[in-house]
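Two complexes, one shared chain (chain A), two partners (chain B, chain C).
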Partner chain A sequence: MASGMQEKQYTPSLLSFFIYNPKFGPREGEEEKKILFYHPSEVEKNEKIRNVGLCEAIVQFTRTFCPTKPAKSLHTQKNRQFFHEPEENFWMVMVVRNPMIEKPSKDGKPATIEYQEEEILDSVYGAVLRQCYSMYKLFNGTFSRAFEAGGVELLRQKLEKFFYRYLQTLHLQSCDLLDVFGGISFFPLDKMTYLKIQSFVNRVEESLSLVKYTAFLYNDQLIWSGLEQDDMRILYKYLTTSLFPRHTEPELAGRDSPLRPEVAGNLLHYGRFLTGPANLKDPEAKFRFPRIFVNTEDSYEELHLIVYKAMSAAVCFMINASVELTREFCEQLDALVGPQLTLLASDICEQYNINRRISGPEKEPQFKFIYFNHMNLAEKSTIHMRKTASVSLTSVHPDLMKILGDINCDFARVDEDEEIIVKAMTDYWVVGKKSDQRELYVILNQKNANLIEVNEEVKRLCATQDMTTLKTVSCSCFNDSISVMQ
Partner chain B sequence: MDNEYYLELSENPVQFENASTVNNVFFDEANKQVFAVRSGGATGVVVKGPEDKSPIAFRMDDKGEVKCIKFSLGNKILAVQRTPKSVDFINFIPDYPHLEFSHECKTKNANVLGFCWTNWNEIVFVTDQGIEFYQVLPDKRTLKMLKSQSINVNWYIYCPETAVLLLSTTVQGNVLQPFAFKNGTMSKMSKFEIELPMVPKPAKLSLSERDIAVASIYGEVYVMYLKHHSRSTNSSGAEVVLYHLLREGPCKKIHVLKLNTTGKFALNVVDNLVVVHHQSSQTSIIFDIKLREPDCAMNVHQPVLPARSIHPCKIPLTGALCLFLYLIFLLLSVYLSGYLWYLQVKLQPTVNLLQDKGKLMDFLLRRRDCKMVILSVCSQMLEGGEKGNLPVVATVFDKLNQVYKEYLEAEQAYTVAMESGPSRFSNSYKRPVRTQAVIDQSDMYTHVLSAFTEKKVINKFIIAVLMEYIRSLNQFQITVQHYLYELVIKTLVQHNLFYMLHQFLQYHVLSDSKPLACLLLSLESTYPPAHQLSLDMLKRLSTANDEIVEVLLSKQQVLGALRFVRSVGGHDNVSARKFLDAARQTNDTMLFYTIFRFFEQRNLRLRGNPAFNQGEHCEEHVAYFKEVFGEQTLMKPPTK
Partner chain C sequence: TASREQLRVRYGHIIVFLQKGPLVLVSASKSHQSELQLRSELLHVYHQIVSMLTQASINRIFQCRKNYDLRRLLFGSERVLDALLDVMETEAGFLLSAVQCLPLAPSTRDTISQILQKAITPNLVLSILLYNGQLVSIVQEKMVIEDARLKSTDLHLLLNLIRASSAFQTGEIWTPICLPCFNPDCYFYTYVAYLDPPDCTICLVLLSTDKDAFYAVAECKRKIEEGVRTHNALQCISKVQLCQVCHVGVAELRHFLFKPLDVPDHHSQLPQFTSPEVEAPYSTEEKRIYLMDLYWHLHSRIHSTLRPIKLLYHATQRETLLALVTGKFEMYACFSPLVTKSTAIGAVTKLLRWIKKEEDCLFIRSPPKYSTTPPEARGFSNSRVQTNKTLFGTI
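Up next is the complex of A and B:
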């Protein structure tokens, strides 16, 4: 439009997304029955069938080479397809259009399109696809359970209902290494305050015996999870990328803004429900909470998810879904948790400020890093500014992010500890270190530095830099000793 | 009902001959001795104390009726009053003349009301016109006047514990003049007036010595006044008013104990508790002046526990059941029955009578023999597992650890003072006494927590209690012992709560230590991440480098181990054989080659020759290297 004479860049975008089960329509003429969900839905039926058939064929074909690991992705010039079989015979396919550059017409020649086939990473989008499933499972349980309970019809309904909205929130252009990790950011905290939180959680669970699990977050960072790691990982993703951002906007809004939620005349505490009733005093208030499914591998539990927040502290209370939650219960919870959580939140805030003061004024560091520990899923990035519902902002050039992704792929290939140093364009050095379960990626901006200097710099940085989060530095003993937090 | 008596009489009463026409019985509160004087002493005097196995028995001449008889401290000198004017003395110090000598009070026309020993050789005569403070010179058989004070005296009370003498003066008797005695000095303290419930007209003696007592409670001297109920004022009942007696400065009325009833009362102080006996109801109540009543005004106290009788006891010899009659209270019962008991507080029954656990702990922590009772309260509290219990558990732990912390601090201050050498300050530091109220981690572990974690309680509650205890310790900055952490880990592992454990370690709630790291290491097979947790912990300890190497070698991470050794600068001293052994076990010849080369280079660097020394015991590995890679591959010694 405005840049009529310039090159036009197109970021990767979602072409189609579908879920099928080959067992549901094994006979000829019944192919449509295989399809459980197809986006975009307006695609013509035969094309849907053709696309599904193609995927089925590719997977079948690649199976002949390695029966246990069929194809995960298919690269073509225009797009890339990702395959994922989360449950037996249930296949999820995501087709992503490659980024491209449109060169404007010149000298009468028509505009040309250049596809950048190598720009997107299998690891990143494969992870995005897996996350789609995990998120679905968190709120709907497994495919097979839905099928057992209500046949294909119920499953189709559920898929339609969930993915119709969820796919709109996928922002494929801003997916990167963090999606591969799917980590959890932990809030750095001193022992005493942590124990106070423990004590709070235990007391609430004791007096509200309905509460089965509790999770505690501060500043969108996790402090305590009563859920198992894998369930927490996806719940954390939901909270930080969907639920919390939706509620921060009104909080940030001005006093008189219509966005600001009505304060229910409660001056005793700042607690409020993020899920369920917006205002307890409202006689029309509904006491319905989102339901989540956890421990799907064994006990398969369905739970109400109550998220309650006071200032920057948010607590998730999970209650068996078979119990009906009443106004009385919510009032009891509000009265019990509200004042305590308000107090605790200000305690944490105070402690956090003290710690920050001790660690000295924050200077703009000469480097940026991403840290991830596979063991506890702890993640820390100084590259990403802030996650919002829409985009995750990074402070570095996409090219550098791509290098990080590439290094990560290299690390994934072997089990051994490794270290990779890359000189990127524009004076940047990128260093990747992998040691036992930890990965560290550092981006250094040092003009004219040579390899040895960069190596020394990273070593020094690992040894001295208190890489934020938790107060003490724990070190990995292997390799050249990565010393990072946690 | 039986387990509700919280007061009892001592098991072994002092037994003596009943008072009768020929036998006079006297009680000396200072030495807690009972004197049985037969026929004025001519047929014998028997003195018995609570701890004395063998009573003192002697004879003295009958020189008239004995009015009062008391030993000085340590049974050195006996003083006997027979006349209103004088006191007689007998030496009981070996090698001193045993002859009696007599001393008459100095003040003319004065009557000696009584006397009190303030030391082994210092005595105060109290006359109706003042007091006379003397030093007794047993060798010279005379008394030397130290000080005297003239003042009109109605009656007096002496508190041996605090060496305070209280004189009742003025016509109404309600102005009290205290004196304190110490090492031959007598100091007059500020006098004070007891507020009478009603002022009689015309003025007459209205304050009786029976309504006044002096006692030391929590190390402070108090004058207790039993203020009877008066119809004119609309008070709900009698009360005991406590005046705090200060060495300097005026005496202040600071505590009021509400008795909520009327009638005849008697007072005792046992284990810093004020015990009030009520005659008509035959019950007793106790007050703890340190226990604050939240719903009462400052320093107005209600009884700690509901009123109960003293536990009925059996008279040891006759076997007859003695119902403590509350007749005319402790002392008189002594004279009549021929037994002297001591009142004791039983703590176990209080546990059921005091529902508020926080208050109960406050109460128990100030008692003498409290340890086992406190521990049993803790056990009981945890076993109950009632709802809403956790805040109570937290309060109790905090109270225990408060006392524990105070002791640790005192102990530390003492150690520091001792270490700084015998300075002039060191004398003022006494080693802190560890009272029973100090409940440390090992007490809690042994008597409460370890048994509790074995119980079939909901595991959430067990973990919550353990964390609560650790939180409380941390709050008081007490270093947590590693066995508590081990208990936490054991419990978590038992219930498969590995992720919880993981999070605790992540936030360093379980502090680093070698034993803990080893425990984690042993969990690796059931929970693989324990490996990383353990190694991290060892690394943080920075004193466990050898252990880290061993762990890595055992995991066949030979290169990793070597890199680590090099990073901590220990690679010149490690045993080559250990690494070569490990490398051989991997069956990875290239790895073996690398390790072998490394040590050859080290040998070259350290000794100028790549060959291994005899003492390194690497012959076997050298042979293997030759076999696999050929002899020519061995590093050549440098040619000179």
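Up next is the complex of A and C:
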């Protein structure tokens, strides 16, 4: 009897994640000592040892072919393993189960499972694994420093504490090209407003001499940063996927919302702390700022991360962790920054609305594209309607996103300007252009067009409004240099 | 746990593992080939080994002695495997699973085919004439075609075996060869002779199922030689003008591969492709490998198992590539990097036109057949297995 069941599609999922250092248990019988972290922890000890041993063996084996480049991934029918050696001899391995289709049992035959190996792009999940390390390092510093400070025990504790929670936030089914870029979305601003912000930052830094670095964001997009690119990039990811989503705007909350009372007492400004003291009015309340580690390659600085928000504007102040931040200091900061930031936030909002009125209402974006600039990490996507850690709503079919991933892999091979145009089975056109450290991917739904017409369309895209907003705006502020995107 | 057949490791190099029966094959590659393509290359290597030993005997040997060193049986055949690896890097036949025919006027080809068709003997199943590795004519036994199709892989492996051994160039050779895709467990007995010593460019291959038929098959060769001399066919063959890319009439076109797909199945012909001589800037061995690597990559994107595409246009600093697949054909073209998109698209039209004009010369449309099965044995559709044993001796 034929079964009425449908095919069931399983998305990629995390099978296991472990961190090891072979130097910690080099002798036979000591294998368990190598393992610094293993998820899922319920796995039997011998199996853990076996899995780690297999990875070690593969890394050793592949070294014979290419001593300088370590193994990156292992493909098998059912899963894919990714390897990353972020620090010498410390290895991180992520095992992802391949997406599969379960076909229901039919005519007495058992249900079959078809594994879709090609669905997973190495570049995407390799980037996700590297980001796991970057995020750990942002909040915990390097593995070697932890080991130096408190031996294997301290390192194990830190890893357990961080990854136990962090792995739960990994949503592997929604990873795509944007994870490869790990870029930053910049907020489009005119020169005047940008200068206002810059002078605000200067003023605050002068008044609060403890502040070492500042970053300024509006609407989940970056405007200014005093941090190094790589540090800002991971901090940005943390802010936009973890911190900001946790704190919705109280002034937008309804009258009866529990969030309301926070603002009631303070009519001078809308500023508040997102990290640190939740309520300045309560003298008994304890607070703590998260610590972050930046410049780990050279100066290795541990800093307090103060995130202060007023309406849609958020400022990060980073202060040396050796300083004790008192309630008085927070009140000082609140009094200084609150009003100014509130004003600035409404200024930006007004300016933004004016610009929008000039440039025309933003209807459904005409072109579906993704842009990324390797030099300033600026990224823009009109394909992703909302991208947080848990969800990636894209307005295009996932197969098309994978084609973008394929094109990106092809681009990564050579360091030259290239162009790739693909016509998919569904008659959608995908155009990838790489020029001068910038990549642009456009998806066109023009079934009857030919190559030449598609080319013309993309040229139009590059010349239209969409690209000019990218032009005027994004000032990349890393290390005080302003470079305007073309 | 992982399925052992498909273990691969990746890091700039790709290492691919393939397990077939008791043998494990490993490949380490720096090329742009995908894992699937590397795996299929390993499969070809496996099949080449089978072509020399048969699968049945490999399995049997390892069943009896698990530690057997197969190199003992493969002694002397390393150059066959080496040659295979080299030829897979430079020839498109493996990539496209198709064979290339010598462009020949249909009348000449027909004349030659008829000569082959007439020179038969009982148990002869396949007669092939080649010029420099390109197919001049192929004639197959009727019943054999009905039972099982000859695959292009078998032909490639057969040709590689013959080309790799210089011994084949001396006089007449009679040797067992297995056609692994056709039937991996038994041998055909193969007669090989070059019709034009000492140049050794025109090769005659006759396959029989009877291991004692050397003299009868050698007699066929004599008849073929006579027929070929009468019609001056050897001259016609050696004077043939090979395809050149300039014939198509697109200045920026450097090279192409074209494989027709709309072949009706009842023609039961081998899949074929056509391609011009490789010219500058790809004339060196290194550059040929480079060009083929580009084609391998295009092919893997176009025929991706989960997200195949219809068209791929890739413009780089060194060349512009265009790959296109429709229901009727697939083609891969390489242009100079300065080509415009309109020229590239226009080239497709020009190429199609040129192929249409020349197709009778470029492809063998309906391979002729002969019948060598005695009439009594013809009613064997009920007892196929039985008849297989009579037709094909096992070792």
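Points to keep in mind about this one:
FYI, the second predicted complex is superposed on the first by the 442 of 486 C-alpha atoms of A that agree within 3 Å, B and C clash if a C-alpha of one lies under 4 Å from a C-alpha of the other, contacts with A are read in each partner's own complex, and residues count from 1 in each chain.
Following the convention adopted for this analysis, a residue touches a chain if its C-beta (ideal position, glycine included) is under 8 Å from a C-beta of that chain, and two chains touch if they have at least 3 such contacts.
The structure displayed is predicted, hence computed values, not measured ones.
By the touch criterion stated above, A:F65 is placed in contact with chain C alone, chain B being left untouched. Within the superposed three-chain model, A:M425 lies in touch with chain C and out of touch with chain B [touch as defined at top]. Judged by the touch definition given at the top, the superposed model places A:M192 against chain B, while chain C stays out of reach. When the shared chain is aligned, no partner comes close enough to touch A:D282: not chain B, not chain C. By the touch criterion stated above, A:D417 is placed in contact with chain B and with chain C alike.
Of the two partner chains placed around the shared chain by superposition, neither chain B nor chain C is touched by A:E297. Residues common to the contacts of chain A with chain B and with chain C across the two structures: 417. Listed in rising order, the residues of chain C touching chain A in the complex are 1-3, 5-13, 15, 28, 32, 35, 297, 301, 304-317, 341-342, 344-345. For chain B in complex with chain A, the touching residues are 387-391, 394, 460-461, 463-464, 467-468, 470-471, 474-475, 499-500, 502-503, 506-509, 529, 532-533, 535-540, 548, 552, 557, 560, 563-564, 567.
The touching residues of chain A, when paired with chain C in their complex, are 58, 61-62, 65-66, 69-79, 116-119, 122, 399, 402-403, 406, 410, 413-414, 416-425, 427, 450-452, 455. Per the touch definition, chain A reaches chain B in the complex via residues 186, 189, 191-192, 194-196, 198-199, 202-203, 205-207, 209, 223-226, 228-229, 375-376, 378, 417, 436-437, 470-481, 486.
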